[in-house]
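Look for chain A in each of the two complexes below; its partner is chain B in the first and chain C in the second.
Presenting the complex of A and B:
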């Protein structure tokens, strides 16, 4: 018994340590605008942190609960379209609209999960690809929301409530830090909660989990709802940030992969994996496509693809494993 | 809507469906054997189409004559992918499923980038082959010869795959699929079987690629769409089932052709995706998948 109590204490201690490290990282990120003045670099950092939040959202379903979704662009796109339509057509500010987008994104994740969670392994992964593709095709042909030509978000005036910033990029930086911080703290809470243990049991062995009275289907649905909701909020922020959305840029299958990749490369089912993966992947992708990809030579894709293969093979437990401090909670299998 | 139009539609759906079936058969073979979904499958198709284009321009040979050359070439590519990447991915003890998905995904992006690098992004086609732009008319129905030839070749390839499954090697394949640990005890080299399985899967998609190059545009992006259809086909037929891939391919081809009659062209794939999802509700492992 002493052993288990000791184990419990050490888990508590590690969780507290992780929270402290989290706060330090958060503070560090908030100080970035003091150091980084260059607009291009600021842009890169904003995208990196946004993807860290999105990958964390994916990680909640794909990592902790083990349901490898390759269709998260659907929730991202829905969140973006809901908040944008509310703003452009009804004038409802995106600060409210993004929560509406998150809500609808979460509802759709439940709607997709209800039939798809009966499928296992590769059947599930492929079904999510197909659902994402159906969403993409339908949005492409839906004239009310602009169809293939997309929607332009007009810039009216500098406003915090309407998330319209043109003078400086710094407010965007704080917004994505808040977003990624929210995703991180939700993941942190989940890790220590009963749900978190249930989800990891579902991930590791469905049959064994069921025999221990873990309610498998509700576990998956809860993970999907939180994951879809966070992804939808991220989509709404992204739409407002770039000022223009169309199905190709926010609902394509490639985006679904890009949402999942940072978590996979950084460390699936870990608190820090999504941030670490994103910090490596997004700058590399953006830099290689702006220096090599402008000519359409394909060199940027070759580097990007090769990098994915190399990291996946060399560090299957994710880059995070390079830092011994943040061991994977349940230990390597 | 006339009877001729419907017959015409059904026929073109069947012809395209047989190509989908062969692409899917390659994917299904690899999955059934070692539980790996090859997300670079569409890119293998693209490689086969570009190989046909290059060899056609270089040697002046008709795609039909290039069929065996490209098939052998793709067999080699498949084996190389297994030896260099997949064997390593299989030996990973952590996150195995996810590593497999993203290794083949990264490979797909890499191959697409390489094609872009060497050939540029524009659409190409082979216009001066023996079969190009020829049709046969049968009772008021026009059948394009390249499509007809493609479906005949696909059927032959299916027959060949079936014949292989009856040989000694085919039984070794089946045994490895049943229990990959135990086969080592009866002297089957699992690694070699897996490598050959990848070769065969790639060769199957290679054959489909050559026949497709006769009448379809060729570009670095061409694989993505066929790959998506192949995943749907395989999941509909059931992973690892050869007959399932054949029947599901035809079903998908027909659904696509018929939805093009009633839906807008850009929406025609929604029909097949919806059918696939509907079937999965009742058969979570596809029509012929083992439960």
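Presenting the complex of A and C:
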């Protein structure tokens, strides 16, 4: 059997190949500004890549570790608020502030995980919805951080350190590429490490995992911390990008779904699922809302719904699994 | 002489039903011990106590004199208890090799070492041709082998096999028996629960018979099957005199 001869290094070979493909995709994305000059399209690409990073952050907890969180807007919002408050009130530049936002986001993911990871399956997902809503309501009524009217980030001057770019969108593009790249490489490293194996074991069968000395609760907590931290950083970048934040735009339940959806659509627990999913979903969302205006805000949700149903029925492993159709399944006899 | 594993007056009730009451027996280094008894005798409950999945209400289980009962499955696995499950539990999103690597990571942090260990264990278990196969595509007997390989990758001192041969064809069962013999020859002590007596009896060194949560008798396999209490437990009073 060919599989056994090549089998010796099959995992390493696959990982090396993924890394090469990753570098090619990275190079391709970096060259985009040379081709795409139109500001509207650039804007669309920036959002798509940002969401690819966010979805990868979600995927680390929801995909690899199997803990489906529908409250990630909380960590996103916290990251956004922390970096924005540090910038607006204390003048600390967002290049530092986003890491503070990530840190606090990760910390909150641990705080949420501490009670919620005692629940399993659907109950965990429901708990995260509730926690996300609580966070949204608290921020909505917290005057110190602007309450429902939000915070405006004043534009002072063009600055790399303070992430203030008005002349061109290109720096944003490179920033979100760096962000999504970071999320991707973290996922890649985890996938090949002891943690990755433990987390996937926890996802597949908790009882069997425990019997093999996998510490289940710490595994979930570690996944949550990394996921929450990356999501917080993404929130900080988004806040700086749009220049204005309020609880409705960055902490609503809709956003939690929008963070999770690309990964689900593209392929849960895969390296490329989040990017593939956002490349389809985010342009769809932006185009539908710009063509249909605010009256179309319900319609994009209907489109998501239809997509989810379609994927769930036809390819439960996500769009990325379509690639597998061209390959002979290795287990076939 | 001290025993490898001591089960000392272990009791466990679930909602008023005594699954195990006052169970005591010892396991010797290097033996294959059969745990037999009719359905509901408390065999799997006892396995769950030994592997740390549940905590006994009273009594103690010691490995090499060290208490392991009530310390959880992770500690038990680290100390050298590994198990398979009555209903096969494979990690279905992973390949065969990856499944076994999860077990190998119990002893190392290095992915390279875990992979080498997993490969050698799979070779031992006769699954080297299926290394890259997704676990969910394996046949039932292959899945049983995968569970054994995964458990062995944790480098156990004692392997608990829960109905590993049940539901296999006679040929598959014979192959399974050979695997169990090989495992024992590699120095791992085995405790096995099994219903298929004709396969089990020639394989085991000693048997402990459980009935209604209690130890009915223990001894050589040929002796215990002739024991009147055992016949009564399996077949009813009418056959006990025969």
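One rule holds in what follows: the second predicted complex is superposed on the first by the 306 of 333 C-alpha atoms of A that agree within 3 Å, B and C clash if a C-alpha of one lies under 4 Å from a C-alpha of the other, contacts with A are read in each partner's own complex, and residues count from 1 in each chain.
Everything below uses one rule, namely that a contact is a pair of C-beta atoms (placed from the backbone, for glycine too) under 8 Å apart; a residue touches a chain by one contact, two chains touch by 3 or more.
Being a predicted model, the structure only gives us computed values, none of them experimental.
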### Query
Touch check for A:257: first (chain B), second (chain C), both, or neither?
first
### Message
Under the stated touch criterion, which partner chain does A:290 make contact with: chain B (first), chain C (second), both, or neither?
### Response
neither
### Message
Is A:213 touching anything from chain B or chain C once the two structures are fitted on A? First, second, both or neither.
### Response
second
### Query
Where does A:122 make contact in the superposed view: on chain B (first), on chain C (second), on both, or on neither?
first
### Task
Figure out whether A:10 sits in contact with chain B (first) or chain C (second), or with both, or with neither.
second
### More chain A residues in contact - chain B or chain C
B
### Query
What is the contact status of A:197 with respect to chain B (first) and chain C (second): first, second, both, or neither?
second
### Query
After lining up the shared chain so the two structures overlap, which partner does A:149 touch, if you call chain B first and chain C second: first, second, both or neither?
neither
### Task
Considering only the touch criterion stated at the top, classify A:159 as touching first (chain B), second (chain C), both, or neither.
neither
### Query
What part of chain A is shared between its chain B contacts and its chain C contacts?
332
## Note on the structure
In the complex, the residues of chain B that touch chain A are 31, 35, 37, 85, 88-89, 92-99, 101-103, 105-117, 120-121, 220, 224, 228, 231-232, 234-235, 239, 264, 266-267, 269-270, 273-274, 276-277, 280-281, 284-286
### Task
Would you tell me which residues of chain A are touching chain B in their complex?
68, 70, 115, 118-123, 125-127, 129-131, 133-134, 137-138, 140-141, 253, 257, 261, 264-265, 268, 296-310, 312-313, 316-318, 332-333
### Task
Sort out for me which residues of chain A touch chain C in the complex.
1, 3-4, 7-8, 10-11, 192-194, 197-198, 200-201, 203-205, 207-215, 269, 329-332
### Task
Would you pull the chain C residues touching chain A in the complex into a rising list?
51, 53, 72-74, 77-78, 82-83, 85, 89-95, 97-98, 101-103, 105-106, 109, 111, 114-115, 119, 128-134, 137-138, 150-151, 153-154
